[in-house]
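Just below sit the structures, each encoded as structure tokens.
In the two complexes that follow, chain A is the common piece, with chain B as its partner first and chain C second.
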Partner chain A sequence: MHSFKLISTFIKINVQMAMAYRADTIVNILLNLMWLGWELLTLNIIFSNTQTIGGWGFGELIALLGVFRLVNTMMFALIWPNTEKFNASIRDGSMDYTILQPVNSMFLVTFSRITIWRIWDLILAIVLITVGINISGDLIIPLSIFHFILLATSGVVIIYSLWIVLIALTFWFTKFDNNVTILHALIDAGRYPSTVYPIWLQIIVTFLIPIAVATTIPLQALRGDLEGWRIVMFFAIGIASFIIASRVWKSGLKRYSGASS
Partner chain B sequence: MLNIFKRLWQVNWAEQWQYRANLAMYILYWLVSPIIYLSVWTSIATINGNVKGLTANDFITYYMILLIVDQLTSNIIIHTFGYKVQDGSLSGELIKPIHPMLTNTLVNDIAFKTLNMMLLIPIWIGLALLFKPQFDSVSLGGIALAIPAIMLGYAINFLLSGIITSLAFWTTRVFSIHEFYYALIMLFAGQFVPLKLMPEVIQNIARVLPFQLFMYLPIQMIQGNLSASEITQGYMTGILWLVAALIGFQIVWRKGVKQYSAVGA
Partner chain C sequence: MTSETILVEQLSKTYQVPEREGGFGAAVKGFFKRKHKDVKAVQGVDFKIAQGEIVGFLGPNGAGKTTTLKMLSGLLHPTGGKAVVLGFTPWELKPDYLRSMTLVMGQRNRLSWDIPAADSYLLAQAIYRLSDDDYKKTYKELDELLELEPLMKKPVRNLSLGERMKVEIAAGLLHRPKVLFLDEPTIGLDISGQVKIREFLREYNKRTGATILLTSHYMADVTALCERIIIIHHGQLKYDGGIANLSRRIAPFKLIGVRLAQSEAEGLEESNGRDLSQYGEPVQNEEDAEKVYIRVKSEDVTKVTSRMLSDLPIHDITIADPPIEDVIERAFNE
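Presenting the complex of A and B:
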């Protein structure tokens, strides 16, 4: 309850900040639409030259684009602005004030900045997923939808946890302000089914920087491609990674000693 | 003048050398999308035998060459110069009797590029071992033909970016404008796919725009895929754009500097 109240306060503050730059918000949405047009054009070009890619058809790639946009939105609406603020707070010591608050510091650090206009991206993502599945003509049973939501959520949690670990490393290596670059650089790999990549790249995007776990795998669950034990496994990995990330965050926090000391 | 450039080089090289660790991260950004597109198109070419006559190896060589050409023709002045306008540190450079953009920023960009290449080459060799491109169609003549095209591409890109960056004198939204410019490059330079596979309309527009000199044309020259008339046409279009960009840059720059009143004034 408490955190819901906090999140709605954060949203309110961030809406106010966005309202100060109304024209920027409009420009950003227009640019976002432009990139959507570009993404659809690239899919169109791909499928005017082939029937399938990595075993998936046109509709499925539209749906994948939707799932990718969910992760991408988290990247740009949450991870990017909060990391910037976090890195600055480590440099100038304003992290002190965050720790003094009577709320979980990990929660505060990761949710205080939200790029509001990106919420529109979430709506777009859901539209793309729905339209994509309709085009693909795949028979979707309610259970698959449940699996999809389960794995998409745990995929997002895995990326979130990886982010926590990456920024927590700053407590050990103060100069590590490139902390989320690797995540940011590899995120584009989520646009296509990971099955098209060479093995070494598949390993990277599945195990090292698990973008595919949040994009390809939930969609595989939706198509009914995943066995039951795998669904359970990926869900368990989601929970486990969150627990590990919280631990890493706590022990990192113990090392924090302010900017001047 | 030569002495000025020499001195600027020493300063900028030392400055860039300081940040060499960050470069590794920057290179990573650079590598990801060509590798993704390479994988996508080789997998399509493998399933279907070929894509409009292009084999899997054609795609591999295309993107492997693209990694180098793209690095050579691009620039980062929107980041280095844009901030100078916004935080006012440009003032110090304006009182010097040399052009800030065409000397200091240019040399800084080239130093950055040189350092990037030093890092990129070993990575590129590693990627070549992984993807095993067959450079059968690549000839020394093709490479020699592509070098002026790459320089032309770099010059045009630098001036056009210079125009966009100079808009920072008027507006704080240069990054949005630059994003649009970047989208044009994506669309017309052949980054996603060799332009040959793009819809006819886009190919026709691309022919009169300078963007294909940034990637597509030099790559095709190196691969030996262009006829003599295509090459002449590419160079002619490029030279016209170079002149236009140079004039445009001079006008925008002059007006911009007059407009500029530094932060805090």
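Presenting the complex of A and C:
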């Protein structure tokens, strides 16, 4: 309950911060509207020409895109701005104040900056997921929808945990602004020609972590293709990665408090 | 259970800092093999502070003041010793502890620059789970003392340094902490700004009975606010006691100021140029160019004064305690 109140306060404050500069605000709204239009257009082009890709049905593909957007939204709305703020707060020492708040510091570091323009993306993602599931409605049993939501959440948590571990490394290395770059590479690896990365990194990064965990696997669950033990396993991995991330964060804090002056 | 609000025993902090010599070769070598040096920032410091006290925490740069404050607020884990504040071990960072203390650092910003302080205050209200009534009551009180209202609606970025300090300090006090750790709360402020913050702290202490431990580079902050001071130097406790006693302990001297009667042949310059060093150590005093000051051990004052009176054509003579700033300066240098 308290967390929700805090998040809503953060959203309010971020709206205010976003509106502090009028020109900036107008440009941002226009840019995001254009971006949204472009996305919708792309979707329209893809699906007006094809009904299935690689054996995946139309509805499932839409849901897949929706989940992918969800991950993207998290990246752009929360992870980038908060990484930026986190790195700055280590540099200028305002991290000290964050640690001394009577609220979990990992929570504060996650939500204190929210790029509110990405609200479009979030809405789009949810619409896509809902529409996708509805279209494939006949083939899908409710239990699969539950599995899908469970594993999509778990996938988001895994990526989030990865991020926490990456920024927590800053506590050890003090100067580690590359955390943004590494994460970008991890999530975005698929965008670049494969020759850019060594093959093993390609496999791990492109397929294993982001795409598979957050999109393909939940979708498989939605289709009922995933055995029960796999569902349990992926969900357990989600929980485990969150626990590990919290641990790493905690010992990072301890390290920070041991080293800074 | 102790009656002290703050109890510090043998508190120590040693930093490991990377060390390498200058130059390219050393940089390359240092990349592969790190050398570390131990820096003892705080070494076995003991003190107790009772509820409601305002204590000045003094020492030259690098003496270990900020390190101690950070350990007491919970930011740093000590390498040795213990500290208990309000019954808590600070570095366990228990939420109940964090809700009952505050750390204000004059050189760090707590508030967001792009939005008015009022909005950041609402966030603090949410974080500290303050009810609307409690928040309004505390805010009203702080507003009364610091005249916050006119500053609330401007983005923090547009406030002057003094105004910003006011809203920063108030931001740290919205949850009515029982213990205040203030690190250079008046740094960079002009005299009237310093005086306002000082008056505020005194009044706040009187009203709430909060315990305050503050560091400052401005001796006036300390002399105006604190009856008790703690001095540390090179991480070790040098003095803990009343300000009044400090002079006696550290600098048992008096200042004798004399103005010599001018003979017609002798201008002021020459009379002041007269060598008084046989009576005591001459001291520069720019504020009062008409007088010559010498520092004399307290027990010799009577003897020296009577000698001077008989030797010299004295027009005016004063005997005073040295200013506290000088005394503290001396304590640092010892």
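We take it that the second predicted complex is superposed on the first by the 184 of 261 C-alpha atoms of A that agree within 3 Å, B and C clash if a C-alpha of one lies under 4 Å from a C-alpha of the other, contacts with A are read in each partner's own complex, and residues count from 1 in each chain.
The rule is short, and it goes like this: a contact is a pair of C-beta atoms (placed from the backbone, for glycine too) under 8 Å apart; a residue touches a chain by one contact, two chains touch by 3 or more.
The structure presented is a predicted model; accordingly, all values stated were derived computationally and were not measured.
Q: A:99 contacts which: chain B (first), chain C (second), both, neither?
A: After superposition on chain A, A:99 lies in contact with chain C alone.
Q: Does chain B (first) or chain C (second) touch A:163, or do both, or does neither?
A: Neither partner.
Q: Contacts for A:13 in the overlay, against chain B (first) and chain C (second): which applies, first, second, both or neither?
A: second
Q: For A:34 in the superposed arrangement: first (chain B), second (chain C), both or neither?
A: A:34 contacts chain B only, not chain C.
Q: Using the superposition on chain A described above, determine whether A:117 touches chain B (first), chain C (second), both, or neither.
A: In the superposition, A:117 contacts neither chain B nor chain C.
Q: Pick one for A:68: touches chain B only (first), chain C only (second), both, or neither.
A: Neither chain B nor chain C is touched by A:68.
Q: With the touch criterion stated at the top, can you tell me which chain A residues are shared between the chain B interface and the chain C interface?
A: Common interface on chain A, chain B vs chain C: nothing in common.
Q: Would you pull the chain A residues touching chain B in the complex into a rising list?
A: 23-24, 27-28, 31, 34-35, 38, 42, 45-46, 49-50, 52-54, 178, 181-182, 184-186, 188-189, 191-192, 196-198, 200-201
Q: Can you tell me which positions in chain B touch chain A when the two form their complex?
A: Chain B reaches chain A through residues 22, 25, 28-29, 32-33, 35-36, 39-40, 43-44, 47-48, 51-52, 130-131, 173, 176, 179-180, 183, 186-187, 192-193, 197-199.
Q: What residues on chain C touch chain A, complex-wise?
A: 15-16, 41, 66-67, 70, 73-77, 91, 93, 95-96, 98-99, 103, 105, 107-110, 112, 114-115, 119-120, 122-123, 126-129, 155
Q: Contact residues on chain A for chain C in the complex?
A: Residues 2, 5-6, 9-10, 12-13, 16-17, 20-21, 92-94, 96-97, 99-103, 254, 257-261 of chain A touch chain C in their complex.
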